[in-house]
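Next, two complexes with chain A in common: one pairs it with chain B, the other with chain C.
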Partner chain A sequence: MNSTLKPVPWKLHLAVLAVAIAFPFVFPSNFMVNFGVLALFYAFIGQSWNIAGGFAGQLSFGHVAFFGVGAYASTILQIRFGFSPWVGLPAAAIAGALVGGIIAVLSFRAGLKGSYFALITLAFAEVLRIIANSVDITGGGLGMLIPMKPGAANFQFAERTGFYFLILALAAGSVALAEWLRRSRFGAQLAAIRENEDSAKALGINVFNEKVKVMLLSGAIGGMGGCFFAQYFLYIDPLIVFGTDKSVEMLLVSMIGGAGTVYGPLVGAVLLALVSDGTRALTQIQGLSLALYGALLVVIIAYLPNGLIDLFGRWRKPARGKR
Partner chain B sequence: MLRVSGLSKVFGGLRAVDDASLQVDQGRIVALIGPNGAGKTTLFACIAGFQPINAGRVQFLGRDITGLPVHEIARAGMVRTFQITQPFAKLTVHENIAVGAYQKFPERHRAWEHARAIASQVGMEHMLEQPASELTVAGRKRLELARALATSPRLLLLDEVMAGLNPSEILEIIAIIRKIRDSGVTVLLIEHVMHAVMSLSDTIYVLSYGKIIAQGTPEEVVNNQAVVEAYLGRGSTLPQDDAKPGASHA
Partner chain C sequence: MDATILASAAINGLLLGGIYTLVASGLTLIYGVLHIINFAHGSMLMLAMFGVFYLLTLLGIDPYLSLLIMVPAMFVLGYVLYKGLIGRLSSGKDENILLVTLGLSILIENLALMFFKGDSRTIQVSYSDRMVELGSTLVPLPKLISFVVAMVICIALGLFMRRTDIGRAIRAVAKERVGARLVGIDVERIYAISYGIGLATLGAAACLLMPIFYVSPTIGHVFVLVAFTVVVLGGMGSFLGAVIGGLIIGLTESFGGLFLGESLGQIGISLIFILILLFRPSGLFGARQ
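Then we have the complex of A and B:
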């Protein structure tokens, strides 16, 4: 079953965590660890979208706004002001949350819902991209290069496994947050808002406040994702960290895996990483991975509207019949 | 407990509710009846804060709640149901009711326990795991009632919870509403099922073209000339005939 308030069993959490921890030891090659980092990274930023879009039903096309703001916040602090990226990580979270809060207050005050909200988030992301392109502190269109200084203190690891375990910790944290949403009153209120705002109000839920809160959370996660991205690739520019393709990826991994589920983004992210690494290893055609991924999306929406995770549910409980 | 005075609601040129006043006393079941389009649901929406009003005041538990947002009115203890049921479709029955229960009990286990108790109070204890989208009309109406009840309201506004139900389902829900009242919750209901209104209500208000045209006990209202005319049209009763026939259905 998708999108319910049922907790995921602890055993499943432990099993997934065990597999994730064992992965770089079983597949120690750079290629495979890189694959793992990317999958967990997409799972992490996908969870940012999932918390707002999947759990609370606030669909956004511009989640990259948080991501980009986080990437720039930590990188500017590091390059221009000499702060360690470890300071940059919480700063990125705060910056992302701030942007999430601002977008939320403005658009929910104005009563924007559904596709209008989606469009306004897209507009915000584009505006931020243009700002990043035109002011000095971001380095404009040239972007910012983070000097390579390996060392855990610099948030840079000689071994890719260092990054792997860092993003694993972040992703695990985001899964824990999603799990908490399933179990908590806050999560139940978000589900109510997603399903029917009028009913939620009628029962005494402060719809506006709850929606702003969830956008703060979602923005914080997106911001941290941006910081990690900058440190992993050591280069950011407006098109990379505010590009619409990232918004789409954040949304796609959740939808393909299962929006509103705890592990949906992870399932979708593993598939995305498989498709993108797989096509890159086999062919030279640029963008083939996204085309393939799009085709997969069509198939999944047609046959598994609740996402791939539904497949596991069906296989576990075939007796549930209908739907 | 609830006092509405001089409430008016205008849509464009239409006075949907025109200077309506009514009072609901603690522990009573009060009914609001009237022909289709009389403005009953609009009046409900205005009382519960879903619609801004053009004139008048709403007082609840001695406090002026005119213009307060819906969720604050609900938290103060006045909770409405919807005529066209609005379930949380993808959630199960238990989860739907739990959302209401969470408003009273923030901790998960207490909220879920309370939801289970409410479910058995309205006879839904066998359907806890069913998704709300798969319920029948009767089930959805009950769920609507249960969800509101789970918030532990002081006053329940029930908008046609019997519409679309078969006679035996109506009898069941009459018994449920009576039990709710006996447990200390005051009830204001909109209903078209007249035998239910007659057997449940302590007081009845009749709304026609946005105006309250009559009020009183069930007997008084049935015998009211204006009420019969509102339902059946002028000339439908002969003066000497005492106006009994029409008012008992519709």
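Then we have the complex of A and C:
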């Protein structure tokens, strides 16, 4: 667990940020910018999973609950009540945090952990999907179409680079949050809970409170991810924004990149985007990229429990601890 | 509401519950013995259903006759899978094995998507549309057969666990693995056998399901949460619980659809799952942990 406790040097942060900013100027084609948007988007929602699942060890199979609630909150505000998506973004964060908090309070009060917590989150996401599918305000199974009205005030950028820099800002914010968790007392308490809940309790950590807090944070990020998704694709329906697939992708990118590490979700997301674009370019066969990803998950858990990012750690010089 | 509609919903629910029971009995056995949650259960069922589908369409073997092929085939698959992969990884945290089985299910589902494409398939057999009268309700014959055979298999499994040496060894390992090892039981072999039996029940369920259901690469999703709900409701590791839980869930689904409509009706199962985990995690028949 050594590598997960080491803070990332600020030079690395700057380098990553510089590469990310330069990317759309070096590769200005629609295809490449779209690739960048999707990679950063998955890094962002992966970070939502990572903060709860990686840093605090609260594994969830239903993180899509926050994502979907955020997507619906902002879209309903926009379509039914005429609010700008810029209001929708914080609203989505609040909605996601609220759902995260409710699920956390209920489940952690009942003492659920490990696999049981993972399964109950899955069930909560299902309940939300069924509700979204059944009530009128969400448009039911037909979903909701966001009308095309290009303009930055409308969250719809004429150029894809507008979306790119927006999601880059969000993703950078999530990385900053993860780095703060790495360095802060709160993050240390979460690590203690992850490693051994009973001893964390014995050390005087209020385990319940800390776990609820981290789910609030994680839910807020997931909710914003949902809002971005809705605005980028301009269409949502219950199966897309509450489906198991998204939960699994959020989990996969951070587990494969490295759960509980600052850059794990980004590494996993770039790989996911590369693999899915790569396989799409080579063959028309559906499912190949996720099949590879499923196999990778098994391999990672067996041989590289800290994720692919560990491979970087191994050839980089070991900790030059700067604390 | 009309009594005949209620009666028909009850009968349909119970018949559905029979299949759920069978699917869940494998899951509960695996949990009870190995203490792992087999998230790949749904995708294994999907695999078995495609097996039944191709046995009929390519070789002309009747789905019920396929029981003789699919049950042993799935047992072997489970045994090998445990020996080759799951057993090696199952020693760590329980979340890890959950993730491994999740990874497996992603892999299997997407391989199925590659080979079989995304659309759903059904089969047609001579007795597909045959109806039987049960009281005042007309029931499709294959549904009735599936229920009866599922129950017979569950009873047979129960007897197997009580009366045979292997069954006793499995129960011994489930209760006390160190003690079982001390009296000379090969615990690793029992684990593999249990995982094999768990998947064998899916082979049986697939044969019973194909005449009344459809198969697609994502069909496992339909069953996975249902099976977990049955198991949690009945109590993890309890066979009797799986039977009662299966029937209750079948009824819940049927009446939910009747009273709340097709879409909202599905909510009952997830709600039961959440409520049981929150308020009575040991289920109806499970031992308190």
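In this text, the second predicted complex is superposed on the first by the 312 of 323 C-alpha atoms of A that agree within 3 Å, B and C clash if a C-alpha of one lies under 4 Å from a C-alpha of the other, contacts with A are read in each partner's own complex, and residues count from 1 in each chain.
As a convention for this text, a residue touches a chain if its C-beta (ideal position, glycine included) is under 8 Å from a C-beta of that chain, and two chains touch if they have at least 3 such contacts.
Please read these numbers as outputs of a predicted model, since none were measured by experiment.
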First, second, both or neither for A:201, with chain B first and chain C second: first
Contacts of A:28 with chain B and chain C, given as first, second, both or neither: neither
Touched partner set for A:192, first chain B, second chain C, both or neither: first
Which superposed partner A:301 touches (first chain B, second chain C, both, neither): second
Partner chain in contact with A:151 - chain B first, chain C second, else both or neither: neither
Where chain A meets both chain C and chain B, residue numbers: none
Residue ranges of chain B touching chain A (in the complex, touch as defined): 48, 50, 69-71, 74-75, 79-82, 86-92, 95, 98-100, 102-103, 106-108, 111, 134, 147-148, 151
In the complex, chain A residues that touch chain B: 2-5, 183-185, 188-189, 191-192, 195-196, 198-207, 322
Complex contact set, residues of chain C against chain A: 37, 85, 88-89, 93-96, 98-100, 102-114, 117-118, 217, 221, 225, 228-229, 232, 261, 263-264, 266-267, 270-271, 273-274, 277-279, 281
Residues of chain A that touch chain C when the two form their complex: 59, 61, 106-107, 109-112, 114-116, 118-120, 122-124, 126-127, 130-131, 133-134, 140-141, 244, 248, 251-252, 255, 285-291, 293-298, 301-302, 305
